[in-house]
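Written out below as structure tokens is the structure these notes cover.
All chains are identified by letter, namely A, B, C, D and E, in their written order; residue positions are counted from 1 within each chain.
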Amino acid sequence: MNGKMYVGLVLGSVVATRKSEELVGKKLLIVQQVNPKDGNLGAFEVAVDSVGAGTGEHVLVTKGQPAMYVFGTTPSCIDSAIVGIVDSMEVS
Amino acid sequence: MNGKMYVGLVLGSVVATRKSEELVGKKLLIVQQVNPKDGNLGAFEVAVDSVGAGTGEHVLVTKGQPAMYVFGTTPSCIDSAIVGIVDSMEVS
Amino acid sequence: MNGKMYVGLVLGSVVATRKSEELVGKKLLIVQQVNPKDGNLGAFEVAVDSVGAGTGEHVLVTKGQPAMYVFGTTPSCIDSAIVGIVDSMEVS
Amino acid sequence: MNGKMYVGLVLGSVVATRKSEELVGKKLLIVQQVNPKDGNLGAFEVAVDSVGAGTGEHVLVTKGQPAMYVFGTTPSCIDSAIVGIVDSMEVS
Amino acid sequence: MNGKMYVGLVLGSVVATRKSEELVGKKLLIVQQVNPKDGNLGAFEVAVDSVGAGTGEHVLVTKGQPAMYVFGTTPSCIDSAIVGIVDSMEVS
């Protein structure tokens, strides 16, 4: 479960008052990886929401430099971002 | 199995209606890493297809910033991309 | 616990006299990942502080290229940075 | 064995006819990480050769963005590259 | 021990005659991660020295794109670099 673009379940959120400017006004969600074969849950991380996701939803998470530019073209400190709400998965 | 450029098996796909603009019209495939020695399957991730891959095919997956530019020269939120269909592997 | 943007606990600090110029005057803190579900501690790393964090505080850590630009717009050798102090986490 | 610049053993190669343009004419080798202390083998990945390496040789592998620019200054989809042939290792 | 900026112990070196131009004249050291709590050793990797480190010293290692620019402003194939000599660590 070391995938870098993955389907995750939103578990909750993080509140941080003192933080980097680029994070002000952004929702910090706690996401846990989902195994698409059996639905088992894996590793956790904090991801910045860009699509209006909420607790209990399955989301598509991207990481690293691709996540850094989700909110604009200048480099940001954002390293994990939610870029989609997953409607369904089909595994055969 | 932490490799970042690897041979994977396409297991299925993910449907996400609400998503980042850069993902609109792209196929989101679920890929599982393949051990080239014994064919055993490893970690999962979601990869954006760039070569017309489908379920059941072995593919070459690239990750991180190299994946970000697979569809153009502006930074995208894409962190894993399928960049080849594997015809054969030779391990000695 | 392979997440790249995560909540960590500051355990202590590292002193390095001989170091890269970009690190001069910066606080190097040892951070351990926190499992948001049960509070268990995971992997360690060294992160450069940007928000005035101290030992015993829970912090938000970012990594990779996003961390590299936390102190300016020229590429730096910084690969992990503390970008927020966590006030609370809510997991349901 | 999560190292990103490591010594590996070339095990074999991958043939992919349908692939990203940047991979055309490049050798795709299967490399397994080598533990420098005891010679044990670890994780696999596919790396693009830049130094004329072959099966059975020990090589130095680089990953991520550093690998992306091994064949030129425009971003490529290459995420792992062989950048040296290892003559010897000395561990004390 | 998946940290990307970490304290490591220099174990030895790698000799590679045939290698990428950017590596010519650089010292390639084998570094093993150190657990700051108990001093236990973890994963290995090869890191390019930028501060004059030697076998037996504790060093600060950076990885990925931050490492790529340690020796200049043009992209290099360097994915792990030693950027500090650790004098002491304080963990409470």
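We take it that a residue touches a chain if its C-beta (ideal position, glycine included) is under 8 Å from a C-beta of that chain, and two chains touch if they have at least 3 such contacts.
A quick map from chain label to UniProt name: A, B, C, D, E = Ethanolamine utilization protein EutN.
Computed from a prediction, not measured in an experiment: that's the story for all the values here.
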{"item": "Contact-graph separation of chain B and chain C, given in steps at minimum", "value": "2"}
{"item": "Same or different residue numbers at the chain C/chain E copy interface, by half rule", "value": "different"}
{"item": "Centroid distance [mean C-alpha coordinates] between chain D and chain B, Å", "value": "19"}
{"item": "Intercentroid distance (Cα basis), chain D paired with chain A, Å", "value": "30"}
{"item": "Where chain A touches two or more other chains, by residue", "value": "1-2, 63-65, 67-68"}
{"item": "Chain-level touch network, classified as line, ring, star, complete or other", "value": "ring"}
{"item": "Chain order around the ring, beginning at chain D and proceeding next to chain E", "value": "D, E, C, A, B"}
{"item": "Of all residues in chain D, those that touch chain B in their complex", "value": "1-2, 11-20, 23, 28, 30, 43-48, 55-56, 63-65, 67-68, 75-80"}
{"item": "Residues on chain D engaged by chain E in the complex (per definition of touch)", "value": "1-7, 35-37, 50-52, 60, 62-70, 73, 81, 83-92"}
